[in-house]
Amino acid sequence: MTVADLPLRPREDARELLRTVDLTKHFRLGGFLSSRYLHGVDGINLSIHEDEIVALVGESGSGKSTIARLIAGVYKPTAGDILHRGQSVKGLRSRREVLEYRGRVPMVFQDPYGSLSPVYQVSHGIMRALKLHRPDLSRRGRQDEAERLLEAVGLVPARDFLGKYPYQLSGGQRQRIGFAQALACRPELILADEPVSMLDVSVRIGVLNLMATLRRRERISFLYITHDIASARYVADRLVVMYAGHVAESGPVEDVLAHPKHPYTQLLLSAVPDPRAPISLPEKTEVQEPPRVINPGEGCRFRARCPYAIEECSRVTPLLRLLRPEHEAACHVATSDMDDRHEVAKPAHI
Amino acid sequence: MIATSTRPLLQVKDLCVDYLTDRGPVRAVDRVSLEVNKGEFLGIVGESGCGKSTLLFAIARLLSAPAEISSGEVWFTGHDMVSMDEDELRHLRWRDYSVVMQSAMNALNPVMTITKQLADAVGAHQRMPPSQLRARSKELMRLVGIDPEHLHSYPHQLSGGMRQRAMIAMALALTPDLVIMDEPTSALDVVAQRSLMLKIKQLQREFGFATIFVTHDMSLVSHFSDRLAVMYAGQVVEIGPTRDVFAAPKHPYTVGLMRSFPSISGPRQPLAGIAGSPPDLGHPPSGCRFHPRCPQVFERCSKEEPDFYTREQDLVRCFLFDR
Amino acid sequence: MAVRVVTDQVSVETAVVSRRGIAGTIARGLTANRKAMAGLVLFGLFLMVAILAPVIAPYDPHALQFGQMVQPSGAHLLGTTGTGQDIFSQLVFGTRESLLIALAAGLGATVISVVVGVSAAYMGGLWDHILNLFTDVFLVLPTLPLMIIVGTYLNNRGLLVLVAVIVITGWSYGARQLRSQALSLRNREFLEAARARGERSLYIIVFEVLPNMTSLIVAIFFGAALYAVLAAAGLQFIGLGDPNSLSWGTMLYWAQANGALLAGSPVWVLAPGFCIAALGAAFALINYAFDEISNPALRPVRRRK
C-alpha cells in the first residue's frame, strides 16, 4: 500500500449509493406467543456514497452485524427501508431485480474457515458468482475473469490458486478469495463484516490494504464492520459508532477520534490499547457491559454506564444532532461546537 | 517490579514439545528457555501456530496425547515438573500455581452457581468448614470485582467479562505463586478487556504472584508486562524487558509485528505487515525459521540455526546480532 | 502486493472432514482405516461372486437331477437340497439377488432419508414439525409386524414389493441424523455466502449442503444396506418373499420347510446363514470408517514407538 491508497476525502459530487431509513429489526424471543422482542437495531439512518469507506464500529450486541445482514437481504426489516440509488430494496420482486441488487451490494464474511465450502475448489464460489452475475461471459471468459479477479486480490500466480482446496490456503488467502467472490459481481458497495477479526495480526494489514486498494483502483465503496477502532481509523473515511442498537455518533474518522462527543465513544477510545501511547495510570475499573436490549422503553440506552447522565436521559431517547461539521452524536448532554472551541460539556443542571 | 531474589520462580530449559501425527512427530515447541521471577509479569506474544499455548500447557503439565514433552526441563520452586507424576503434581496444582483458560464457558460448570464452584475449588485443596469456604469465596468474588448480586448466578447468566473474572477468582483461591493465563481476554470486548487487565494488574500488585500471560495482542500486554517474549514457529525469537522490546524491537519478526498494529493516535501512515505465512511445522524452513519472510535475510540465515545473542538486556535469536 | 504461495499448511490436530472433494473423501476414508478395508474386501468378494456366478458355480442351481440330501462331498461341496439341487451353486447364484436387494433397498431408504431429513432442516418452521412427526411415527412403528402385515396384505410377492417394504420401514432412522447435521450446517458462512450471491434454495440444498454431508449419507447408506440384508433374510425365511426366487433367505425358507437340521443336513442352513452374516458384517465394517470421519473423537490416537 502506498500513500496514494490512504483514505481520501470523498469527491464533492459523489453520489449516494445506499441509504437506510429508520431501519429497524426486532427478533422475537421464545415461541409464537411470546411478547418479548430483542431489539437488534432501531431507527438506523445511514448513508454511504461512492468512493467511500464507512466503518461501523461497536461491541458485540451493538447491532452492527444485524445492519449488514439487513442491507444484504439476509434479514427482512421489521420496519424502515433501504434505498439503493434512491430505489427501495423492499419492493424488489423479480429474481432479476433481486440478483442485480445482490450483485451491486455483496457481502464478505468474517470466518475464513467457514466462508468457503470445504468440498469444492476455491474457484467454485467465484465461478458461480460469475455465472449468476455476468451472463455476458462465455466459459472461457469466466475463466479469464476469475484469473483477473485473483490477481486483483493479490493471489498470484492466479492459475495456481484456482485449483486449490480451502484447506491448502492460509486464513488471509481465504479472506482474499472471499473478496474475489464479491468482486466477481461487479459491486458498487461491499459489505465487509469483520473481515479481519479472525486473522493473525500480521495478516490483517494486508487485507485492510487490499480494501483501500480496491477502493482506489476499482472504485468500490465499503461498509467496514468491526469492533476494532484502530483498524477502522486505518482504512475508513467516516466512522459510525453503534451502541445497543442505536447510532451513537457519526462523522469523519479523524474528527470523531479527536473530538469524541458521545460519552460511549469516549469510553471506547480510552479503552483501546495503543502500543505507541505512553503507559497510562490505572483508572477506575468499569465492570458493566453493554445491555441485551429486550423490550426497552424510551431513553438513552447508555445511561446506566454514563458518567454524565441527567434526568432527561431516562425519559427521552436522544436523536442524532449535528455538533460539528458533518459530525453528529445522539446525546442530550453533548454540546455543539460548530465554532470549534469547546469539548463535551459538564452535566447540565436540571 | 522485578524481584531481587536470587533463584527464579520458574525456569524452563530447552523445552521441546512434539505432536505425534501419522506423518511422524511435529515439533510444536522447539528448545524454549525462559525464566520467571517472583512477582514478575511475563507476556508471551505470537500469532496462531507459534506454539505459545502449547508451551503454556507443557509448563502446567496439562498436555494430553498426541502432544508430549520430548525433552527439556521445567523447574518450578525447585521441583522438576517434567518428571513428576500426577500424584506429586496434585500437591502443587492450584496451591503453588494455577491456570486461567481462554474461554470461561468451557471451564465453568453450567449447572452450578459460581460461588459454589469456587467453594468446591478451594475445598478440594484445603480443608475448611463449609461456612469458611463460603466466606472465602465471597471474599474472592469481591476482590475480582464481581457485584455481590451475582454471587448466586449460573455461568450463563453472567456476561463474558464477569465469567472471566470468576475464573480468575478461582485461580487465586489458594494464593498461588504463579498464575498462568492463556489469552483470558480474547473473547471479550475492548472495554471489558481493559478493565479485566487493570484488575489483574491490581491483584498482582496486591498478592505478589507471578504471571505468564499468553496473547496474540501485543499492544494489550505491553502496558502491563514487565518482560516480553516473542514466539515464532515454536521458538522464542526475542525476550527482554517490555520497554526495550517495544521501544527498540530487534528481531525482524518483532519489528514486522510492531508494524502491524494501526494506531489511533499519531499520524496516519501506511503499514506493511509481514509478507507470507507462518511455516508448516511439519517441514520447517532450514536454518532460521523466519528467513523466508525476512526483509533482512542473508546467506547464513538459510544454512545455520541462530542461537540467542545478547544486545543490552534483550536476547535475540538472529544472526544480525551475532558479533 | 504479492503473496507467497503456501502449499500445505499442516494442522497438527486430526484431519478435517471432506478436504479433498467428495470422491476423495470417500476413498481416503476407506483406505485409511483397517476395519473398513476388511469390510471392503469382503464386500468385493461377494460382488465378484455375484458377477462371476456362472463361472464359479459348478452346476445349474435349479437343476433337480442330483441325489437328495447328499452330504458335502467332492462332487457337491456343500451337499444337495431336499429336492436334489446343488447347495453350493444355489449359494453362488443366490448372491446376486441378495446383493441386489441389499443395495437397492439401501439406496431407496437412503434417498428418502435424505429428502425428508434435509428438507425438514432447511425449510424449518411448520414443515419441519410436520416432517418430524412423520419421521417419528415411522421410527416407532414395530418393523417386523409391519413388514409381515404389509407383505401379507400385498399379494404380489415379487422382489419390488420386498424392497419396498424394507425401504418403508428403514428410512426413518437415517432421516433423524441427517436432519441434525443439516441443521448444524445451516448457519455456516459458506451457505450464507451462497444465499448472498443469489443462489436459488434448491441449488443450495443440492450443491452446497448435500456435498458437505457426504460422509454421513454414505454411512447411512451402508447402515441401511445392513438393515436390508437382515430384514430381507427375515422376511424370506418366514415365507413372505417369493419362494421361487433364488436368494439366501429363500434357501433358509426351504431348508426350514424340509427340516434340514433334523434331517442331518445342517450345511443347508448354515451356508446361507453364514453368508447373510458375512455380508452384514462387511457393511458394518465399512461403516467404521465413516463413523470415525464424522466424529473425530472416535479416532484412535496413533502412537509412534
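The chains carry the letters A, B and C, assigned in the order they are written, with residues numbered from 1 in each.
In the analysis below, a residue touches a chain if its C-beta (ideal position, glycine included) is under 8 Å from a C-beta of that chain, and two chains touch if they have at least 3 such contacts.
This one's a predicted model, so the numbers in the text were calculated from it and none came from an experiment.
Seen from the Cα centre of subunit A, the chain whose own Cα centre is farthest off is C.
More C-beta pairs touch across the A-B interface than across any other pair of chains. Once the centre of each chain is set as its mean CA position, subunit B and subunit C turn out to be 51 Å apart.
One simple way to say how far apart two chains are is to compare their mean CA positions; for subunit A and subunit B this gives 32 Å.
Centres computed as Cα averages put subunit A at a distance of 50 Å from subunit C. Listed for subunit C are residues 1-3, 6, 8-9, each touching two or more other chains. Each of residues 275, 277 in subunit B touches at least two other chains.
Shared contact sites, meaning residues of subunit A that touch two or more other chains, fall at 1, 170, 172-173, 206, 209.
Remark: subunit B residues 47-48, 145-147, 159-162, 189-195, 198-199, 201-202, 216-220, 222-223, 246, 256-266, 268, 270-275, 277-278 touch subunit A in the complex.
Residues 1-3, 5-9, 11, 16-22, 25, 188-190, 192-199, 208, 211-212, 214 of subunit C are the ones touching subunit A in the complex. Against subunit C, the residues of subunit A that register as touching in their complex are 1, 72-74, 98-99, 102-103, 106-107, 109-111, 114-121, 125, 128-129, 132-133, 154-157, 160-161, 165, 167-170, 172-173, 176, 178, 181, 185, 206, 209-210, 213.
Across the complex, subunit B is touched by residues 1-3, 5-7, 59-60, 170-173, 200-206, 208-209, 227-231, 233-234, 254, 257, 267-277, 279-280, 282-283, 285-287, 289-290 of subunit A.
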